[in-house]
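Two complexes come next, and they have one chain in common, chain A, joined by chain B in the first and chain C in the second.
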Partner chain A sequence: MSEQPLKIMVIDDENIVGKRLKPALEKTGDIVETFVDGETALARFEQEPFDIVVTDIRMEKIDGIEILEQILAKSGRTKVIIITGYATVEIAREALSKGAFDFIAKPFKPADLRVIIERATKELRS
Partner chain B sequence: MTILEKLKKISHKEPRIRHFCIQTIRFKKFLENARALLDLFDDGHEKVLGEYIFDRHYVVSLIDGVVERLGMMVYDACVLVPKSGEGLYVTYDKHKLTAGNLIGGTPGSLASAPSASDDPEYQLLSDVLQWFNGKHAPDDTTVMGFMKQIFFSVIQFDAIGGIESMDVMKTRALFENSGVAATDMGIYLVDLWKDAQALPEERRSINDFNSIPLKHLLMDVSGKEAKTGSENIQNGVAWVAAVSEYQLSLNSLKPDFQFRLETLASGYEHSDFIFIFADKSAILDKILPAGFHIESTDYGQFAWYLDMSAKNIEDSLMIIGRNLLS
Partner chain C sequence: MSIIIISSDAMEIEETIAEKVAEAMGYSRLGHQILADVAAKYQIDPVKLNEAMETTPSLFKNLSARQWRHYLACVEAEVYDYLLADNIVCWGLAAHLYVTGISHVMKVRVLSGNSRGTMEIAEQKGISLQVVEKLRAGELQQRKKWSLAAYNYDETDLSRYDLVINLDQIDPEEAVKTITGAIEYRKFQVMTYSMKCLSNLALSARVNVTLLKSMADINVQARDGSVVVSTKASARQKRKKIATIKELAGNVDGVSYVEVHVKKNILEETA
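Right, the complex of A and B next:
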């Protein structure tokens, strides 16, 4: 029996990231929704939880750390992957200590993110 | 000895040898900045071709990095050849303006830079690469073209560390009077750090120098040292080598053969390199082993090899030494 597709949420205030990631991640049959701000993304998460959330760390209004905290408070099983910018290793470390599954630094290849998602999927399905 | 006492000591010694050492070290910084610029270009190129996810911040920081490194190269060039400063800074200001226009303008404004994507970030990166080294862009508008101009300014007027390249007799006299002629080869040997502070009290042999790249360079020459030495001494010393433990700067003193080799052999692959400038008559194919990037220009030939493993740099220097000095 084939497994259920993953529900993946991508949040980045740079439109290009979601635009490029969505088709790349959908190739494996997963369902991907993209958002350019944290508020809309969290509102959507209230309606329906996602298996994996991929979020940029630096965004206006609600940043990646706050999204991480709110998502994990609502759904402990969701895996949150942080996208870091440049010279934000310290913040990435903070994110990991707060329960992020992993982080990936920009610029990155979709295939590199896919590797992290596959690890997260194994944990989700184990 | 305190730093103040060291500086005081330095200031009382032969100023021209000290000047030579300082200029040689500065030239190395100049090459490091040039190399960093090439790395930035490679990084951008990789991102645009390699299906990377990046945003505008990446491109803007790439542009900022290029402007910063270019400025450092211009500064180094001005220290090496002060009279080149005004002209270089005028061109540098134009490049800063181009960079500002790229950041603040509409991506795709460099019409000859088609991008595989309609996304503004990818078009902007394509524009940046066009500015850097566009095939169809006039040479005097690209960063690479400006880098060549800076190199020419430095190389033409500063062939050996601030000493006018045409003034061969004065150069020979300087090194001869400083007592830096090696006892066992027809070569002047300058210790970049020690000789800047105090000139040698007695003549030294090659073995007195703990320089890894110098040892590599002479590895296959030592068996012929008597021949090389006596021939060169009869015709006048032909080379000056300025060295430290990991650095070698080798310059020809022959008036009809301009050749400069700079190398770093520290054992760290990512930082080790060989850079060569030679006049147009030099047949580099017969001097250099395979793997060098060679660019011929109206002024002379540039050759470089970056990211060299310890084995690679050892083999390359050995071959170059054999071809040049035997």
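Right, the complex of A and C next:
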């Protein structure tokens, strides 16, 4: 029996990131929704929780760390993966301390993110 | 899945604490014992390699600046290879000075303390407290000079460490517990970003050691198999140097692309 597809949310204010990641992540049959701002994404999450959230850090109004905190407060089982073009040791450690599942610096290949999502999927299904 | 790098103002204490932490955590040990392997691998005189880890280049010691840089690069390359394996306690290899920007590396500085440390060393060596204090002050000054010359990093600057423990206030057993407790913090766990940074540093070190064998004034930055080498050359030698670097660096395992940036070497131009 095949397993239920995972619901993945991608949040990045650069539209191109969501456009590139959506088809790459959908290849394995998972359902992917993309957002260009944190407010709309959190409102959507309020309606229905997602299994995996991939979020940028530097965004206007709500940043990725705040999204991480709000998502985990609503759904402890959701795996939040942080992506950023401004990676530093301090930000990476802060993200992990606050419960991020993983942290990856941009630019990355969709395949690199796929590896992280596979690990998250294993944990979700174990 | 983490790395602990321990350094101290007293070598004996650094090793004792590091050994105990490794035992308590069940981590692998990476200490100065590997210097013999490094010397054998890179065909370096082991006595000279040990000397390079403690002193700066000098005509009197028959150690040129280029040789010194090459010896240090050999140690770095070997240390990075070990660190890629993870779950390691490292000490005595100056790794706290060059393993930078890796979030799953916890750097610990253990201060031997004025009373306890001095007394222990005096007992171990059978000498007076005053002699120990004088020796330690000299050693500390020498280490500071070495760390600044080698990595432009003052190892006595405590703001560069994640955790500082003063053995005057904390017992060695408590220090071990503090270190093993702190490494459990989630922030020190390995992540995709930190592992990639470490792999990039390891590749930079492998290219660096290859190039420093035959040339000086090299700066290497690697990212995902792409390597950028910055160097200096006279207008006459520029083309030849670029070709040599591309050939040498291109043959290093893991390198897929090499870019060379050359600045004018004014000294050679005017010579």
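Here is the rule we go by: the second predicted complex is superposed on the first by the 123 of 126 C-alpha atoms of A that agree within 3 Å, B and C clash if a C-alpha of one lies under 4 Å from a C-alpha of the other, contacts with A are read in each partner's own complex, and residues count from 1 in each chain.
To be clear about the criterion, a contact is a pair of C-beta atoms (placed from the backbone, for glycine too) under 8 Å apart; a residue touches a chain by one contact, two chains touch by 3 or more.
Not measured: the values here are computed from a predicted model.
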- Message: On the A-aligned overlay, A:R44 touches which partner chain: chain B = first, chain C = second, or both, or neither?
- Response: neither
- Which of the two partners, first being chain B and second being chain C, lies in contact with A:K7: first, second, both, or neither? neither
Next on the checklist: With both complexes overlaid on chain A, does A:A92 touch chain B (first), chain C (second), both or neither?
Outcome noted: second
Q: Kindly classify A:F103 by the partners it touches after superposition: chain B alone (first), chain C alone (second), both, or neither?
A: second
Quiz item: If you stack the two complexes on chain A, which partner ends up touching A:K22: first (chain B), second (chain C), both, or neither?
Solution: neither
Notebook entry, point to check: Touching A:R114 in the superposition: chain B (first), chain C (second), both, neither?
Noted result: neither
Per the touch rule, the chain C residues reaching chain A in their complex are 101-103, 185-189, 191-194, 196
Counting only contacts in the complex, chain A reaches chain B at residues 12, 14, 16-17, 19-21, 24, 85-86, 106-110, 113
In the complex, chain A touches chain C at residues 87, 89, 92-94, 96-97, 99, 102-105, 112, 115-116
Note: in the complex, chain B contacts chain A through residues 47, 50-58, 61, 119-122
